[in-house]
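This report concerns only the one structure given below.
In this document, chain identifiers A, B, C and D correspond to the written order of the chains, with residue numbering beginning at 1 in each.
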Amino acid sequence: MPLPRVLPALVTPFTRRGELDLEAHRHNLRLLASRGVGGFLVGGSTGEGPYLEPGEREALVAAARAELGEGTFLMCGVSAETRRAAETQVAEASRGGADAVLVLTPTSLVRNRHQAVVRFYQDLAGRAPLPVFLYSVPPVTAYELPESAVAELAAHPNIAGMKDSGGNAVRLGRLVTATPADFLLFNGSTPAICLAVGAGAYGAITASTNYAAALVTELVQRARRSVAAGRPLQASLTALAAAVESHGIPGTKAAAAAARLRPGYPRAPLRVLPAAQARRLARLVEEAAGVA
Amino acid sequence: MPLPRVLPALVTPFTRRGELDLEAHRHNLRLLASRGVGGFLVGGSTGEGPYLEPGEREALVAAARAELGEGTFLMCGVSAETRRAAETQVAEASRGGADAVLVLTPTSLVRNRHQAVVRFYQDLAGRAPLPVFLYSVPPVTAYELPESAVAELAAHPNIAGMKDSGGNAVRLGRLVTATPADFLLFNGSTPAICLAVGAGAYGAITASTNYAAALVTELVQRARRSVAAGRPLQASLTALAAAVESHGIPGTKAAAAAARLRPGYPRAPLRVLPAAQARRLARLVEEAAGVA
Amino acid sequence: MPLPRVLPALVTPFTRRGELDLEAHRHNLRLLASRGVGGFLVGGSTGEGPYLEPGEREALVAAARAELGEGTFLMCGVSAETRRAAETQVAEASRGGADAVLVLTPTSLVRNRHQAVVRFYQDLAGRAPLPVFLYSVPPVTAYELPESAVAELAAHPNIAGMKDSGGNAVRLGRLVTATPADFLLFNGSTPAICLAVGAGAYGAITASTNYAAALVTELVQRARRSVAAGRPLQASLTALAAAVESHGIPGTKAAAAAARLRPGYPRAPLRVLPAAQARRLARLVEEAAGVA
Amino acid sequence: MPLPRVLPALVTPFTRRGELDLEAHRHNLRLLASRGVGGFLVGGSTGEGPYLEPGEREALVAAARAELGEGTFLMCGVSAETRRAAETQVAEASRGGADAVLVLTPTSLVRNRHQAVVRFYQDLAGRAPLPVFLYSVPPVTAYELPESAVAELAAHPNIAGMKDSGGNAVRLGRLVTATPADFLLFNGSTPAICLAVGAGAYGAITASTNYAAALVTELVQRARRSVAAGRPLQASLTALAAAVESHGIPGTKAAAAAARLRPGYPRAPLRVLPAAQARRLARLVEEAAGVA
């Protein structure tokens, strides 16, 4: 079965007190699946992956597997600075029943030491019981995995693909050229979806699929037929995502609520978007739903 | 007559002593015209525009007009920090017979003072006898004209379009959305040609057209039909341009010589590419010519 | 008792298998104390703080307290992205017997959202059983706590000071002006020690105190008398630290070994400095020791 | 006669129509000389050097020489992208009677090609009839001359010193170490004056000397005795300069007017500071004058 081309970077619902809300999580999975979503990224950066605590990845993935059954592709985010910590998170993902892990670039003590980052991925992929996807997301890490490092890592038998959230479709085109045909490149930036597909990316894993799943799905399909045909829809989605994501995760959660998900509270120091701003985003989400 | 979609950012030949070599210039114009090039940018940044001296713009444009006649579109680069200096250069372009001017963003004393940059363009466009094109080229200026400034300036009746050399095709797509349908957006970055066309750019003005005119022309045509169809040619051109342009203007001049132009010497502090590197680029130019 | 003005950002020794080596840790504490060091930062960024696992902060601090007794100032690094995670680490520090915590700026999901960072510190300081020091270290986080945020936070009764590792002594001077007289500003950048003291910083917490404790102590004393008098020693220390720290933590650990500490292994993806480079650093450490 | 340690980066007065106002220029020279200023930088970046036209450097320098006589040190700014253009400006400076030239780093077509920048300076210094000072000013050029390039160029017999306006006093300290004892390092950043002197800089060439000559002179003297003694005055000057220079050259011209200079109009696209803001700066200039 081929991987789905559109996955939400699913929000993680927390209670007001900051505990996982697995009931809301199951609601979100069911709702998006009912809208045709065939795969999920759980615990990615939009899923507050850097905020998750020991055991929570396993709980989120296991709940998703139980809710969705075997036919749904489940990718679990890993956000760790050491190989040990990454292995612990990969083990959680595996026990929960994930199909793959999406591993954030380490930074802090190896910032801009590209060879240490390459080593981190090679060591992890060599031991991981699940396929590893690379994850480069400069807006979160202020670091971009170099193209030469991606090319080197793509040769590893257990590194299956990448999510690149830098929003640079021209770079994605070069990565398509520099990696094997079966290396699965996902674009992670909503404004870049149409051109990323045009550049040869396999699909998209974005925050926007939480609140505009039909649009993103339709856009990827159109862009695969013709980039020019995708342009108007991309313009609508770009405008919506710019409004939502200027508020960060709280914006995405407010927009997801407007799309009838139950996103819950973010963890502090994030906090819920003020009501007036949330209402404005809700209007934009509803207008955009009419476009698709 | 519509504007051509592919213009070379033509190299400017200087003698060993640093004087304009107009005979070589005429040779270059004839040769590229014989290869189907229907318009030229003279004195752009690849044409060492920031290095030109009083009178030289007029000489270059007048020679081009005399050589090519009225049917060829001639755009002249303007590189100035004050309105006065810009007006002087525009007057040269006009006397020489240019059809339009491409005006570099001022920086130095207005660096990151976007409103002063907007004012510069508005004042200049209001007085210029020729249509003005905006020119944003971060690799040269370390400054990028903000999207909101482009949108504001595009409303001016004498601002006809823009050359954007930032290489960000997603941004180009947003600029297409934010500007009127007749605002002519040219992409200036060779690796971005295919996606820029996919994003709705009108055409390309690049250094690579000096040394790979047939490839660039073919790529723009293919990309206009289908971005996916343009990908392989884009990959070839991207690799060629990366090798050439890592050496800056001297690389472009060496590659242009391999394509039988007479690019002459660059002005100091630039200097001619060492022979061994020039030979390597010549091989790449010849190989790429076989691809088109 | 006033706080000491010179604290090492103490390395954390791990075994080859990546476990804490508390015996080596106690050796390092004893050795540096015997050289006159009167306070320690444990689990800072040089101490691989971002790599520490649950329980390890408490173990490191408790061992230090047991080894050194009550008269020694112990600061414990906290490196967390959420308030919950930070509180857990502060609780460890407190149980271990720390005198204060040094709390790294959160980044990831609040990158460049300064008000969220301010809120993080305010919430944490309001609940922490220990005084909080701010910690801004752009080489690790690619983020610098804005001066206005420092000024705002310095008014909090439980925020006692800051370690600023940006290496910008002029900024430190402005922070001295913008904060109360009893707000304790420590400089964290070795090349900036002399000027930071000149700018009014209280002292220095640096990696270099692991391998050049006598020089750093002497430099701070001289600089407090006269910046000009400190210059030659600063120049020696700058050259030494540039050679050592170009290798990151593995360089600091190699240099610490040359100074007879037992720094152990770093955690992967870091790895031990190759022997030839370690020997070169050892020679530099020994030469510098002769200068002090 | 030793060079003065404090030079204003003198503003250049233009008429409303954008022509040089030499009468106002002479007034400014006389006024500042009467306040004890013993040397001047004419046509630096504050003097709108990048905006000067052919012949204007010579006119400004010649007027200064005629007004001040032989005993006053006159440095003339050179702002050019090619060796030819730089030589033309140096010739103007020489004919006008300058004692030295301050040569801005070229950028545009050699941006980040450090060896071309080194070659530019070496070629120019080898032919120039006047001593050459290097000029690194990242806020204007978005480029910083690397320390290794400075060290290499300082060995040239006709390169006499440098003005570094990056505001990084720690870097200045390293440059003092890396250059011969008679290489004259001037700091160009007002907030860095006190620490730059502490780091071993020879003196200061700043915009602030236009509007706060007595403070700058007093600060340099105090800082030479004791950095700690200079701190309070530095804090006052830092606050004043922050308010003034947030408005760029128009801010400096408004503040200079408050100090009874006749700064005239800036050249477009710069424009005169609105009156309300100018009045606010005037109050700050007057308050600061009381501090000195």
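By our rule, a contact is a pair of C-beta atoms (placed from the backbone, for glycine too) under 8 Å apart; a residue touches a chain by one contact, two chains touch by 3 or more.
Quick caveat, the model's predicted, so the values are computed rather than measured.
Engineer: How many links in the shortest chain of touching chains run from chain A to chain D?
Structural biologist: Steps on the shortest route: 2.
Engineer: Going by the contact rule set out at the top, which chains touch both chain B and chain D?
Structural biologist: Both-contact set = empty.
Engineer: Which chain lies the greatest distance away from chain D when centres are computed from Cα atoms alone?
Structural biologist: A
Engineer: Taking all residue numbers at the chain A/chain B interface, are over half used by both copies (same) or under half (different)?
Structural biologist: same
Engineer: How big is the gap, in whole Å, between where the Cα atoms of chain A centre and where those of chain B centre?
Structural biologist: One centre to the other, that is 38 Å.
Engineer: How many angstrom lie between the centres of chain A and chain C, each centre taken as the mean Cα position?
Structural biologist: 35
Engineer: Express in whole angstrom the distance between the two chain centres, defined as the mean CA positions of chain B and chain C.
Structural biologist: A distance of 51 Å separates the two centres.
Engineer: In chain B, what residues contact two or more other chains?
Structural biologist: none
Engineer: According to the definition already given, which pairs of chains are in contact?
Structural biologist: Listed in label order, the chain pairs in contact are A-B, A-C, B-D, C-D.
Engineer: Along chain B, where are the residues that touch chain D in the complex?
Structural biologist: 18, 45, 48, 50-51, 53-54, 79, 81-85, 106-111, 113, 116-117, 119-120, 123, 139-143, 248-249, 267-271
Engineer: Over in the complex, which chain B residues touch chain A? Could you list them?
Structural biologist: Going by the criterion above, the answer is residues 167-170, 173-174, 176-177, 189, 191-192, 194-195, 198-200, 226-228, 231, 234-235, 238.
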